Each structure stands twice: as C-alpha cells, then as structure tokens.
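As structure tokens, the structure follows; a few thoughts come after it.
Which chain is which? They are A, B, C, D and E, in the order written, and residues in each are numbered from 1.
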Amino acid sequence: MVLTLPGKSRSAARTETTLRIIAPIAVGILVLVGWQFLVSVIGVSDYLLPSPAAIVEEFIEFFPSMVSATLITGWNALLGLIIGSILGILLAAIAAGWRPIDHMSAPVVASLAVIPIVALAPVLNSMFGADSQFGRQAIAGLASFVPVFINTLRGFRQTLPVHRDLMKVYAASSAQIVRTVTLPTAVPFVFTGIRIASSLAVISALVAEYFGGPRGGLGGLISTSAASSAYARAWAYVVASIVLGLVFFLATLALERLATRGRRRS
Amino acid sequence: MTAENLAPAIRRRRSAPARELVRWGYGVLGILVIAAVWELYKFLGPADGVVIGEARVLPRTTDLAMPHTWDMVTRLFDPVSRSATANPLWLEVALAALVTLGIAAVGWLVGVVVGFGLALIMQRWKLAEWGILPWVILSQTVPLIAFAPIVRSWGSRVEIGAFEWQDWMSVAVIASYLAFFPIAIGALRGLQSPDAIHTELMHTYGVGWWKTLLKLRIPASVPYLLPALRLGAANAVVGVVVAEVSTGMQGGIGRILIQYAGQASGDPAKAWGPIFGSIVLGLAAAGSVAILGAILKNYRRVEINA
Amino acid sequence: MTQVPEPQPTDSSATPTRSADAVVVRGVDKTFDTRSGQVQALTAIGLTVSAGEFVSLIGPSGCGKSTLMRLIADLDQPTAGSVTVFGKTASRARLDQDYGIAFQQAGLLPWRTVAANVGLPLELHGATSRDRNARIEELLDMVGLSDFADRYPDQLSGGMQQRVAIARSLAEKPDLLLMDEPFGALDEMTRERMQTELLRICAETGAAVVFVTHSIPEAVYLSDRVVVMSPRPGRIQQIVPMALTRDPEHAEALREDRAFFDGVTAVREALHTGSPVPTGARGVENR
Amino acid sequence: MTQVPEPQPTDSSATPTRSADAVVVRGVDKTFDTRSGQVQALTAIGLTVSAGEFVSLIGPSGCGKSTLMRLIADLDQPTAGSVTVFGKTASRARLDQDYGIAFQQAGLLPWRTVAANVGLPLELHGATSRDRNARIEELLDMVGLSDFADRYPDQLSGGMQQRVAIARSLAEKPDLLLMDEPFGALDEMTRERMQTELLRICAETGAAVVFVTHSIPEAVYLSDRVVVMSPRPGRIQQIVPMALTRDPEHAEALREDRAFFDGVTAVREALHTGSPVPTGARGVENR
Amino acid sequence: SGGPSDTGSGSNENAGDSLTEVKLQLQWLPQGQFAGYFAALDQGYFEDEGLDVEIIPSGGDIVPQDALANGDVDYAIAWVPKVLGSIEAGANVTNIAQIFQRSGTLQVSWADSGIESVADFEGKKIGSWGFGNEWEIFAAMAAEGLDSSKVEIITQDFNMNAFLQGDIDAAQAMTYNEYAQLLETPNPETGELYTAEDFNVISYEDTVGAMLQDAIWADTEKLESDEQYQETTVSFLKAVLKGWVYAADNPEEASQITLDAGSGWGPSHELWMVNETNKLIWPAENGIGFIDEAAFDKTVAGALSAVNEAGAALITEEPPAGVWTNDYIQQALDALEEEGVDTKGQDFTPIDVTLEEGGN
C-alpha cells in the first residue's frame, strides 16, 4: 500500500511539479521515438505508418493550409460550443426552476447523449443547407449542449440549504437569490460542463465535415489526403486537429480554474 | 442527523413505482411536445427556413428536409424496398441494431479492461498517473475517424494460428477507443476515492496493496464506476456506428445509416429509421448498465454525482 | 453583562404577551409530512424570551431544537399555535430584519471575502456602500478579524469562520439573535473563547439570544435560563433558571465555580428525567 | 472497572521500559516538511502507558495529539526518539496486530453490513469463517448491536456506527486501544452513554487505552491519567492523575461527584497554564 | 508464362478440391456498379477458374488501393486518378484491367441555371463528394483556367438533397446512381417525378478532365515475382470478364444478384445502375478491360494539372512505367475468344429502365 502523506516538503513539492511536467513529456517522447524506430529501423511500411519526421515535413510544407483549415474547423467548433453552452445553461435554468420541464427534457437529453453524430449529419445538412457551415456548427452545438446542460442542472441543485435559509432570513427577492447564491454556486459546474464540451465540440465539428458541406476544414482535408494515400499529410492534419482540441481544452480548463478560484473548500 | 440518514432508503423503496410512472409520463409528453413543435414549425415556417444574413438559423420545412413525423413512423412499418422479399423497415433496422449492439458490447468490454487497467496502473504509481493521464485526456481530441482505415489494415495482418482478424474486430477496437476514456477517468477517481481514514485502517491491519485494492479500493470505486460504465456503453455504440460507416462494415446500423441517407432524396422518411434505431440502441446499451447497477446496489449506498 | 436583566424564574410560557418580550411561543405544534408518514416534531411548546434575555435550548438529537428555532425565524410555519417576535408575527419580524441568525455551519458564501460576507445583509437591503463599509469595519473589529477582511472563507479556521458568521448575524443590530449550535464544530478551547466573546457581544448590544446547544456546560455558562427538551414528540421537559452572577472581569473563573457545577448537575438531571440514565446496560439507541 | 490497575502518579516518561508496558514513548520529536516550511509538531515527548491503563491526551487543536497517536500506531514515523509497543517497535506491533484503532469518524465501509465491517480485520488476516462469525457475534453482543448485524452503516445512527467501529477495533482482542476523538461527532447524551459503555468494555477486556479528546469532562470521567499537551511545538504540559474511584454500579453518579469536578478543574488549569486564559481579549486564532 | 487454363476443361480440374483464395476489394458498398464481379461469383465463374473469391465491400474511408498495397487483399477496384495519387505516395500497384472504358461522372444543374459547360462553373457552388472523387472536376476546371479560388467547392453527402434544395448549383452525379436518384424524386411543384428535361447535364467524358474510372488493380511486386499470382490473375480476369458479359446479357438477373449480395437499393434503381454501368463498359473496342494508352495518358495529364483547394496536386510527376499492363487482360481476352465469348460487345444495346419513386 502506498501511503501518501498529505504534507510535502518544499523540495518535494518542487520535485513533484517538475515530475508532473516531465513525466507526460517523457511518455510522449518515448512513444515518438518508438514510432520512429518502428518505421525507420524495423521498417514498418512508411506507406501506412508515416514516420514522425515525415509528418513534421508535411506539416511545415502545408502550413498555410493547416492554419486556414484549423481556423475554419475551430470557428465552427467555437460557435457550436458557445451556442450549445448558452442553450444548455438556459434550458438547465428552466429545468431547475420547473420540474416538469426537467422530466420532459430527460428523454431528449438522454437521446442526444447517445446519438452518433454521423446519424445526424446528413439530416442536418438537408435541414440547414449543405452550402453553409451551419450544419457543422449545429452538430458541435448539439454535442456541447448535453454536458453543459447536465452539469449546469446539477450546479443549480447544489445550493446549500443553509444558504437558502439565509436568503430567506434576509427576505431576499428571487432575483437577489439567483444573483447572490444560485448562480455563484452553479458557476463551477457550468464551467466543468463547458470544459467537457470543448473536446466534443472540436471532434464533432471535424467529423461532421466528413458528411458534406463546404470544404477546407480539417476533417475534409484529412479524408482527402487519406483518400489519395498521402498519409503523412493526413497525419499532419490530424496533428493540427489535436492541437486545436488541446487549445480548446486548455482554454476552457483555464476558464474553469478562473471561475473556481478562491474556493477550494466550498 | 439520525432520521434523515434513514430517509433516503425508505423514500426510494416506498414511492418508486409512482414516481417512475410520473417520470415516464412526462418523458412521453416531452417527446410528444417535440413532435408537435416539429409539425407546427413545419406548418408555419417558410419552405426555405429562416435565414439571417448568411446563416440559416431555422431549418427548411420541405418534406425533403423535415418529413412529417407520422411519415417517419409509418415508414418504419413499410417494406424496405419494393423487392418481394423485403422486410419491413423496423425489422431491418432492428436486425442491424443487434449486430451493432453485439460489436459494441465487445468494444465496451475491451474498453473496460483497458480503462480499468490504466486506472489501476495510475493509482498504483503516482508517476504513472502524471505521465499517462494527460495523454489519456489528449486522446479524446484525436479524431478517431482518421484511424479507421489504419486499424482495419493493421488488424488484417493479425493472423495467429487459426485466429484470423475479422473486420468487426477493427470496429470493436475503435469502439473501445471511445469507451475506455470515461472508464479510465471514472475508475481512477473511484480507486482514489477512499478516505485517508480507510486507507490508514488497512495500513494498521498490515495488509498490502493488493488486499487494499480488493477489499477497499475496488468496492469503493463502484459508485464512480457505474456512471463511467454507462457513459462508456453509450460511447461504444457511437464508436461502432462511426466505425461501421468508416470501414464500410456490413450488417450493422452504421451501414444502413449511410445507405438510407443515400436514398433520402427520393425517400426522406426512410433515413430516419436508422436514426431512431441508433438512439434506441444507445439507450439500451446505457440502460443495460443500469442492471449492473441494480446488482451492485449495496456498493452504491453512498451515491455519487459523477 | 450588567445590562442583562435578571432571569425570570417563573415558567414564562403562561405569562401574557408583552410587546417588550423578544419571543413568545404559544401552544406550538409542528408536524412534518414525510414520505414515510407524519413526524410529530414539536408538541404544545410554550416559551417566552424577554428582551435581552439569554435562553438556551438543550436536548437529545431529534428533540426539535432546530425546528423550534426555525419556527421563530419563520423558516418554517407551525402546524398549530402562534409565534410572535417583538409583538409581531414571525413573518413580519423576518421581513423587518428584527433578528440575526447563525447556524451550526458558518454558511459563508465561499466566493465572497470575509468583508463581503459580513456586508451581505446590508447589501441586500440597500445600504449605501459607505455605511456598509463603516459597519463592516465595526463588526470585524468586534469579532477581532479586522486583519482578515480580504481573506476568503476557505483561508480561515473553523473558529474564525464562525466568528464571521456571528458578525454577519449582528450586521443589522438585531435585538434578537438566533443561534443553532454555532460552536458545535469547534474544539473545546476555541469554544470556550467564543462563548466568552459571545457574552461580551451580548452585553455590548443588549440583544436577546435563543441559543441551541448540545453541551450542558455551554448552556449553563451562557444562559439566564436553560430550556431542556425531550424527544418523541418534542416537548419542553423543564426550564432551568441559572443563578450565576456574571461579571465580565471574572467570566472564566465562573467555569470553576461551585454554582456552575450545580447548574451543570441541575441540567443533567433535568435531561435525564423521563429517559432514565443508562448505567452501562445495553439499550437500543434512540434514532 | 476493578481490574484496572491503579494509576501511576509518577511522571512515567523517566521510568525504565518494561515489556509489560503497553506504550513507551521516549524523547520523541516529530517535524513535518510542508510547502511553507517545517512544522515542529512534537518535541521531547516522553510517556509510558502501563498495560490496562486508560490515558487521555487533551490539548488545544494542533498540539499534536493525533500526531502522537499516529506515531504509536505506526501510521507515521518519529523524527527522533523511539516508540515501543509492548516492548516491540511500533511497526512490529502493527504487523502483529497488537492494537486496535478507532477514529473520530467511524470509518465503516458503507458497502459492508455491520457484521462484515466488524469481521473485516479477521477476514483480512485469514480467520476461518466459523471463527469469524463466532467472534463477530461476541463483539456485537458486547456493543449491544446483535440485532443490527445485517444492517448497513447508513441505516445506523452516528452513535451506533461508532459502536460498530469500536467493536471492529476490538476484533482481534488487542491489549491496546488507540482512539482519536471517537465520540467527537456525537451529541452529548449519546456521548455520555458511549463513555460509560467504553469503560465497561475496557473493564471486560483489560485493554490499555490511549484516548484523544477535546472534552475535559470526558477525559476526566474516563481516564486514569490525563496528559495535557500544549502547542507550538507540541509538548506535554502536565500529566494529571485522576483519583476517581470507579464503580460500574454508580458510573453515572460519578459525573456529579465532587471529585469529578475537582478533576475537571485540575485539567482546565493545567490546560490554561502557559497559554493564559482568555478573558474576552481578541486573539488571532491558532490554525 | 502462359495462362494456366488454355482450355475450359483445364480449369475444371481445379474446381472442387483446392480452390485458390482470392480477396477482391470494392470501392463502395455492394451495388450494380459491381454487378460483373457478383455475377461471376454467383454464376460460379470464379470457381470454374479454380478460385475462391471473397468480395470485400468498402465504405467511407477504406481506400481500396491501400488495402491492396498493404497486402490485405489480392485485387482492388479503384478509379485510376485516385490510385495515381497513391502510387506517388508509395503504393506499388498495377492496373491490369480497365473495366470502365468511359467516365460516368456528370455535373448536373437545373435546366434554367445557365450552367452548360465547365467554364460556367465560375463563381458557382460546385458539388463534389471528395474522397478523391473530385479530381475530374479540378482537371476539367484547370483546362478552363479555373481553380478552387474561383468556384466554391461543396462536399456533397450521400444524397442529392443539397442540390435539390439549391445549396449547390451543380452537383456531381454518377450516371448509374445519383443521376437516377434525381429522376426518382418527385417534383414538389407537380407531384410527378423529375425528368431529364429538368436538368442540364455536363458529362466529364466530353471534357478534357475525363479520367478513367473503375479498373482492377494488382500488386506490382507479386505480378513480377510470383508465378502463381500471375496465373491466378489471368484466371481471375477471365472469370470477371465473363461476369460482365453475363451482366450485359442479363441485366435483370444481374441486378437481382447484387440485390441479394446486400445492395440496399430498390429493384428499379438497381436495374438502372446495372444498365448504366453496362453502358460505361460496352461496347469495348479492344475487348473488355483492355487499357487504352491514350486514355490513360489523358488521365495522367489531367491528374498533373489538377490542384485542389489545399493547394495540393494529385500528382507532381509522371507515374512510373509499369503502372499499367495489358499482359494479363490480353491473355484472358485471348482465352475467352477461344471459348467463343464475345468480349467486344459491338452490338450491345442497353435496355430501357423505368425508375420508381424513391428508387424502390
């Protein structure tokens, strides 16, 4: 059994911080080296599994197209994330205030949570037009909606009884209660939902590109490159999409941290 | 402090049926409301939707874009095609859904094994947690669809003795890729959930990591694990459908999804059959984890919001 | 503690209402509807708390102490009987902010600084920011936390948080303080210090106090009268007047006074009336 | 309580080790490395607990009571000095299961029934299921919970849970019980009942007890000796021998005894030596 | 080495006992486009040649030539331009039979849209499926001085809704599939199905961009070194060609065969597909499957000129020699000739197919 003691010395703390950064990098480098080794020494066909070096090469060669594709997909994901989050928060607020809405939305939300994006893509393209990015944004929005809704609803239910009593004691108006207690309590939950939604938004926006609409995004270019067996280029676009996903994740993580700062023990 | 402790248990047992009924009632009402809104909008909305600036913010209302809800439902009971031997659509969808469900179950199991294994490693060694966890999180930003052909191709090389890699296995692998993530995270949180008081108790009993794992950490992880397993099941279904589309595997719901989408110009309602099918499928998969929850109910006496 | 009027040894539940009385509870019953049936939490409660008087409620868990306090605070309504606070209905008194309240958990808002927590009621009732700041300073000074105005609750110890909560309950200079086990979460030494401070604050403000506690020494040390309650259903078992002469200069010495121990013994015996003192015999616990 | 040996009024930290002594702590220092520097939790602690003796540790929050107990239990290692338990190292004693331990929270495993919780240590150490069941029955009988063997912890009140935890700590018939504020979370009445029961159990089993508490009356009522500690850094302020003649027949009467109040006063005064008794003066709280 | 089966009876010896296993990778789901292969399977032509053929369908992301290059399969059906890209990326595959002699790609616009040639694409929304199906468009546009900066390329999904609803001005359509989908759709204004008069149709076959489509590809290295594979190749091609002859002679039966093989289309659509596919194959001037060097060079030229929206060219240099060979198809054709099979289909006449609503 590993007994981790709660207290740590300053030097130990510093070592921990360093290790926390070094360990994942080390794992990453190990994988990359192993990968390169597989390709260049063992000789796994470079054709199917391009070497990291080849990917980097392609990444540099097609850098302008990487950037523009990332921007297109990123914009779709961002818009979807924002719209989905706003809808999620609003609907959660309504559901929190009125139970029947909560019950009524349950099957719809559950369905949205399990529906494969590919199933909706063609239908949404028909409904909203294949010539605009809206279909993808809608898909990213739907994907974001679910976690934001669920977490926000939970957040609205977290108000402590003692806080509720306190507000009643102060004869606070409902607007005051929402402003001083309900919203601040829910905020960390909302941001947790948004963080979870961020990765989903990117992936969904990207996958939706496989199913029609204007070209130029990451998903379309991954498929085009792969279809002409330009696997190194396809991987380079995959790398770009990972970077995009990471940016979304880190940005929303930072937001979440910001929203919960100064209340570790709330 | 005392009576309240007992209350939740009693509450659950006593009025469960009545409350369930009300819940279901509202649920059905919710679906009806959606259908009504759909039809109402279809009736009132402009054929080309509502366009603000460049963006069409509300959909088109043509039969092509928004078939009537009753058409979607009745289409389910019509034969798939004019062919003499054609099954009704719902049967075709159901058969495909079963295939998909089977593969999803395999993918889910693999995801459980991998996810739980990773969680164990991460729990055992802090260094492993620091090294692996960021990559586990990062893995979810990787568009899995990009890997479908590669997985299939790698798989097709696996041939050990009488064992030969099948296409559905590639699909299951991709499903497990989606399923393992929530399970790894949930299991890790669960394995780390015991209070210091409990781990120290085990320490005073002088038992090692394995016994602590068996008697304390694994049972304590159940409340965290169950929602993770449920999420994993839903993800596995999504993964199978995506991978079926992407690898062109036959027999599953992903396949008929694109097939019927291809016929949506002339038969718009048909495309909704597999969509409904995949929703039911996802709900069934997630729901079957609830059975597991019922079996393990004694391990969930402390319910957790995960 | 010199301003505190002498405790009234009569059973005041029978005395007629005077508007000078801080709290008058008459013939109050409280029944909760729960999913598993009705719970009779309080029966036939009668109690009068004079202005400036310090009254403690004590009794085993589940006897209805908190319920009674919540009725006075208008956080719940009695099933039968009436509650008046300074001659008004409990509801009117709540809207008029006639009382301040503190709970077992400090119940601070974790996203607000100490100062902002203390100022919350003032803010909600539209005090100007200038008045507010002056009052906050005064209150923090009173509870000895001036240096911590800009800290967040999670940066404070339990005792300090509780002092913030008490400062908050005093923000609007109420003539009545309601406190539900405010020191329950503190260790004995901090608790003793808080008790002494509470007495000082009461002496300064002249507020009446209804104080819920589980601790006999605490009740004895603080109160003019101790209301001993018994459970199932919650009733007032006995009201024990305390005969301690309080003198701020020697507040601590009191705790080792003969009269103090006598008070403790009296309350103990009142508590055990009805529910016999266990003598090591095994008994199924009251739940 | 007749089997309990007489308390030893000498300061036992200087007495030579005998293997008959339950715990011998000699010259123990404990320093914690924290992010904000080193914390000296204990300095120069010397303490001997004889077999069968009941020793309480009392002192303000942060004085190192829990730390000392954790050193005895081998949950932490001293920075300097030595801890022996029944003449062995603390680590050996832990592996030999020479002691049972109970914490402030009962710490029951929520997915195990009462019986399975009590049987946990036996199960872990490979007792046959028959032996186990017999012992569980015996233990539950001892704490008066035979009827609740198949319940789950969440179906019990706090006091009952704590009794299960005590039964669990007794499972392997340890000669030493370590208890860290085991009754801290209970209400005063339940607490008194549990104290009485604990004394009875100790008398039955003849185990020595190291008992951490915040409550002076509790320490006085239970102990042969009360170790009063003072903080910053944690030291033994004074060891106060109790001179109560215990008699199970009149265990309750004791609480109203003159000698009891004298004990309380003695411990209070020992506690306040060094850290002057606050008299309403504002002081920044110890954290 | 010569073909393994100079006579019909020679191949019969193999039948029954030890069949050679062969995997064929299609480039899409089972459907009339691949009627010949399924017919060969159904009619036992493969078995006659001593082959046990498994036909592997494809879906979204499976690239047939990659499956072949990776050794997952023995032969693959794929469009020539897509494979040219893969060859430049390192795939070592050879075109051994050009089944489709003509391009079946159309760009369809509304009759009143004024889009009558590729030059009219400028400033319009042009649909394409992507996945490598777009190169004919880019090549044809390149010839007109257009590129993706002058037209908006929109990815079409699996149906024609985007076009029907006006999201796309001109949609990519195969004669044998998507064009039929249009003709199976009721016109909401009249309630009748759309007819050919409603649309303008640009056939890439008539443009510079025309490229060779369905061809059978084999593993180059094995072709060079593996005699067994060479023999198998000829036998395989023989059976395939017989399958296509069967499809030309019996379109109804052939369409039923693909339906049974798992095509999800309705019978009328399936029959239309078989019939239109036949039109792309027959008549075959030099015999079915024979690779016309000029047509191949034209495809290469188009592939060199086409640049997609990411600025990537399909290929940057001429493909290596040996990217195609008529050696095996010639042997197969000769052998069939000997058996008296008509491999040119000079007098092929398509049938008339009436499409039903929804393709059902």
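The working rule: a contact is a pair of C-beta atoms (placed from the backbone, for glycine too) under 8 Å apart; a residue touches a chain by one contact, two chains touch by 3 or more.
The model shown is predicted, which means the values in this text are computed figures rather than measured ones.
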{"item": "Chain E and chain A - chains in contact with each", "value": "B"}
{"item": "Lowest number of touching-chain links that must be crossed from chain B to chain E", "value": "1"}
{"item": "Maximum centroid distance from chain C, chain identifier (CA atoms)", "value": "E"}
{"item": "Inter-chain centre distance, chain B versus chain C - centres from mean C-alpha coordinates, in Å", "value": "52"}
{"item": "Centre-to-centre distance between chain D and chain C (centres being mean Cα positions), rounded to whole Å", "value": "32"}
{"item": "Chain C and chain E, separation of their C-alpha mean positions in angstrom", "value": "88"}
{"item": "Residues of chain A whose C-beta touches two or more other chains", "value": "3, 48, 122, 126, 129, 132, 210, 226"}
{"item": "Residue numbers of chain E (touch at least two other chains)", "value": "60-61, 63, 66, 70, 157-159, 161, 165"}
{"item": "Overlap residues in chain B, where contacts from two or more other chains coincide", "value": "1-2, 6, 60, 64-65, 145, 149, 153, 200, 202-203, 207, 245, 258, 261, 264, 268"}
{"item": "Interfacial residue positions of chain B with respect to chain E in the complex", "value": "48, 60, 62-65, 80-83, 145, 148-149, 152-153, 156-157, 244-250, 255-256, 258-268, 270"}
{"item": "Chain D residues within the chain B interface of the complex", "value": "73-75, 94-95, 97, 99, 101, 103, 105, 107, 109-111, 120-121, 123-125, 152-158, 187"}
{"item": "Contacting residues of chain E [partner chain B, same complex]", "value": "28-30, 57-63, 66-67, 70-72, 157-161, 164-166, 181-182, 184-186, 188, 259, 262, 264-268, 356-360"}
{"item": "Contact set on chain C toward chain D in their complex", "value": "60-61, 143-144, 147, 157, 159-160, 187-190, 192-193, 196-197, 199-200, 214-217, 248-249, 251-252, 255-256, 261, 265, 268, 271, 275, 277-280, 282-287"}
{"item": "Chain D-touching residues of chain B, taken from the complex the two chains share", "value": "1-2, 5-6, 9, 195, 197-198, 200-207, 211, 215-216, 219-220, 222, 298-302"}
